[in-house]
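These are the structures, in structure tokens.
The same chain A turns up in both complexes below, where it pairs with chain B and then with chain C.
For the complex of A and B:
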């Protein structure tokens, strides 16, 4: 992100320039394109279904889907910013749901103890992933692919393959997933609370700085004294704990667990995270972007039903819209990175200016090389294209 | 090498050799016992959960009752190559008999069936015969066929809905798009309803009950003329929640298979009926038929249909205990 700009000229810039520069700086943030996706989808679905889509019931429905998926996705986001993946979050959600049900149903444990126990269990399962990744230096994709299968198998074995029901007190259901404000669910409140905490952690704490440093360049971070290994384990534990929170909410809402609970959620969480502007390569991302990404994903699901999209193509359409949102995100983010401050402003550091322009030039020249590996295009043309 | 270190090396070699001899003696007795026990591999369509859980349980129970070793294996993703690979693994493991949850046309299994036959392995299908066929064809690549016609199950659902007086729209929700058995159910139901002039919609869903609930909730908002909803490929929890939250107490809900949630819902009247394929039998009977063939060279003259059957409030009480125990 560029350093704060300041005005150079003696005369103050016009309000148009000030507004434009403020907008440009906002668009540089990872959340900006996710917000754009929400706005665009809202507009499209509202036009296609004006009577049904822009209504309170729709907003309640969207937030209900977004909350459960979003809570899982926040953990995945922080982990991805730190440079790791966790494909096992869906299985952890299922297994920790089982823990809650088993504790309450088979051991008479009250929900006020069963829920935290499951969350601690989720954190431990996540931490185990982290220990294996760090200790044996295996890529997290591979480790969590394995643990995804392991925990799913354990869940199938423990449940015997059959759903398990449990009696849930109205108070517990109300606190975790019940309606609280104009029909919106408590899960939305939990989602926002976790998002605020995650944002604070990412942007206002040393831990958050360490996470970004470790994600951008683990070796450099290590050289600077960042405990990269411990950060990774903590992030995996956090992802597991948040998956367990979503599991507890689902148990409270559906009074049950089944052997396939959470199946497919890991990939949905990754999609939401990427829509929200987090880079798959790590080091860059935003919890707020993930919140917007979850809302985007939920809007797609709800919107397709309300506009009467062909039912055989829901998965296809969902996938197309997700890819479109990511392309929009990447393209706009790239353009904004290459943009210059508006007239009347410049970046306070000439070094920052030069670095950004050099990176843009290198990207352009790489694009030209890929398009024309044999150098058929003349140098003059290349020179013209290289100009910002 | 010094004399002392040489003696130590010899001692280590002797200890290792002795351990190896002891291990081979120890394993010879159970190996000998295993060699006598019939080994049957049940190649399923999916992990032993839900419907397939009953199948696996039935097969395991048959193994216990008959004193045969039953191993349930399944592909991660149900595709023809993946399932054939599992059958090949069973052949490599020198199974005495293989039952396969066949989901593809016979031609997909012809080659592997021939390999099994050449290896002296009995080979049967845990899937229904073609519609209308009762007697076994002597040239059938499968020794037997045991199952319930999925398409017919869908047709039965549709006929039952019509009998209940459903005239408005019906929505069929498939939580596992791409699952061939569920798609056959959906097509059977949709085609029968459309032939009766009833508007029908098919919607893809996910396995997440929260997302299922919201999807059906919003479908009901978009189509207030919907009179019935069928859960084709998962437990009915999400549908029950949508019905409650949309306050559509008149909505006729139907589903497949029995579990404790469906049991409670039928008893309470929230779910009208469920189609029971009696999957426990679909796992049990193949093991029985394979065992009797291996031991006594017996082949059934006809194919065995395990379902479909309807379970509703009129007969739920009789089987409630069995549902809770996981047999129905």
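For the complex of A and C:
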């Protein structure tokens, strides 16, 4: 790449252009909508319920709701980026919760073995979806709709429809869902850890690149040697495994499993994923967006209770936000994706990076120059900072 | 939100979206006859293929040499796409033989053909629209760093590879490499696919209708790139139904009609009128 200096230093872009370009780049991120939703909802609930909403207790409860839903949603997000749906994650969550409870209660298996067993079980249930989708070339929506009903039926017959209690050791509860630093639950820590791992997987690994390619243009990806079928199966297994992780967390929290555990979670996870900026058509999305989407979802749930709204508001408001997010994500994001760097950036993103950094550096060095009239520090600094 | 972005000035690209590519050099090249001792990179001998009652190919033979462009001309249904799918390992022929560098081969699957460096570029399948240019170029061959099971995508090296790939095609990519696939033109997509195939060491480059959906300027740009690839010693098979395009770059021309080879000749042995008439007659 030639030096970007030609287009930046020759005619330094105006502040408006620099600001516009920075805004354009922010809007290019799939997370933009979800971040906006979080900020707006936080402001609205804080105004409506200033005494209750912006408090630590609320944050703890929002994050607790967000963590369990969010962990499930991260699996659904990666799968959706890869071009598939999984409606069975809620049932898989319920069934794997049952596995944990049954192993611990009826067979005396210690939790340190029961939890991984359930997660492996979840991965297998997910992989089964994937194999059917790939082998028989049936749309994942239909396949997982079927497996959702099947596993739910199995769970109801296994539990007999009644809640099953199990005694949970404090250590197990502490690790999975107990309070840690200043009252937040451990599940939040797991949520963030999985989100970081998921983001890394998507952005910085070969697998992640293949997932995006397979979700957008499977034929082109296959043509270049990407094992599209195996990627789909791996993604389904991952979605199942993450549903099981959330199941284990819920068992640790409630000391029980019941026939309706995880019911409705699959559609919530799809909603969270869509709010987070992942395209339903696949190929494009963000795990960070899903984290923000889960927080949005949890904030609505907790916030509406705190402002004393009737229960049905939750569904209505969630629905409105989902539709709004999809409109923003497909329409606005679609336009932004087609947009080009503003004038003065010569269509080179490196030049734009340099200009934005240089503008930031100028601003800093101006502060320095006020303290250092000769400009010794500033001048020496400027050249360095202009280059990323 | 995008207000200042929109009104801040005209959108910063000219009507000619091809301006993103700058040729570093190009040179014309006379056609020479194939050296008598040259071994074709790929040779098809009496290939036949039928799908149930439908005969697709009947004893088709052709040879693709390094440093030469073989144009495969024919109308719709002439058997062109069946033939390239056989060469790419997607279909297995019912009869006949494939030879790769003189040795008989039978592809079990497309992956095997790919391993031998047979790169097929399909019209619509050149790029993933939402991936960046860099990620598109290295797709399937992502450079990794790290060690053991802890290996991750090396974005810096991927960008260097992408630049090198374009330079290998004698062009420079002037725009950002993080530009997404949907922002580049049809011609650029084909050029990207050709650059990618060459960079990753293709032995035979099969181009399926690379110019059919392109405007004149873009098409001629892509044809330049195909010629450049040939001049680098690449064996190229150009599938097209555009006689003009075939005549402008090909060294050898094979005309397929109704699953058979209707004619084969060197490019300088025929004129456009003759070719048009020939294809019209046999089709």
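Following the convention adopted for this analysis, the second predicted complex is superposed on the first by the 310 of 388 C-alpha atoms of A that agree within 3 Å, B and C clash if a C-alpha of one lies under 4 Å from a C-alpha of the other, contacts with A are read in each partner's own complex, and residues count from 1 in each chain.
Please note the rule applied: contacts are C-beta pairs under 8 Å (C-beta built on N, C-alpha and C of every residue); 3 or more make two chains touch, one makes a residue touch a chain.
Computed from a prediction, not measured in an experiment: that's the story for all the values here.
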item	value
First (chain B), second (chain C), both or neither touched by A:19	second
Contacts of A:164 with chain B and chain C, given as first, second, both or neither	first
Chain B versus chain C as contact partner of A:253, first or second or both or neither	first
Contacts of A:330 with chain B and chain C, given as first, second, both or neither	neither
First (chain B), second (chain C), both or neither touched by A:283	second
Chain A residues within the chain B interface of the complex	49, 52, 57-58, 61, 64-65, 68-69, 152, 156, 159-165, 250, 253-254, 256, 258-265, 268, 298, 301-302, 305-308, 311-315
Parts of chain B lying in touch with chain A, wherever the complex brings them together	47-50, 52-54, 56-57, 177, 201-211, 214-215, 217-219, 221-222, 234-235, 237-238, 241, 259-261, 264, 326
Residues of chain A defined as touching chain C within the complex	1, 16-17, 19-21, 23-24, 27, 200, 203-206, 208-210, 212-213, 216-217, 219-226, 283-284, 332, 335-350, 352
Contacting residues of chain C [partner chain A, same complex]	1-2, 4-5, 8-13, 20, 110-111, 114, 120, 122, 124-131, 135, 138-142, 144, 151-153, 155, 163, 174-180, 182-183
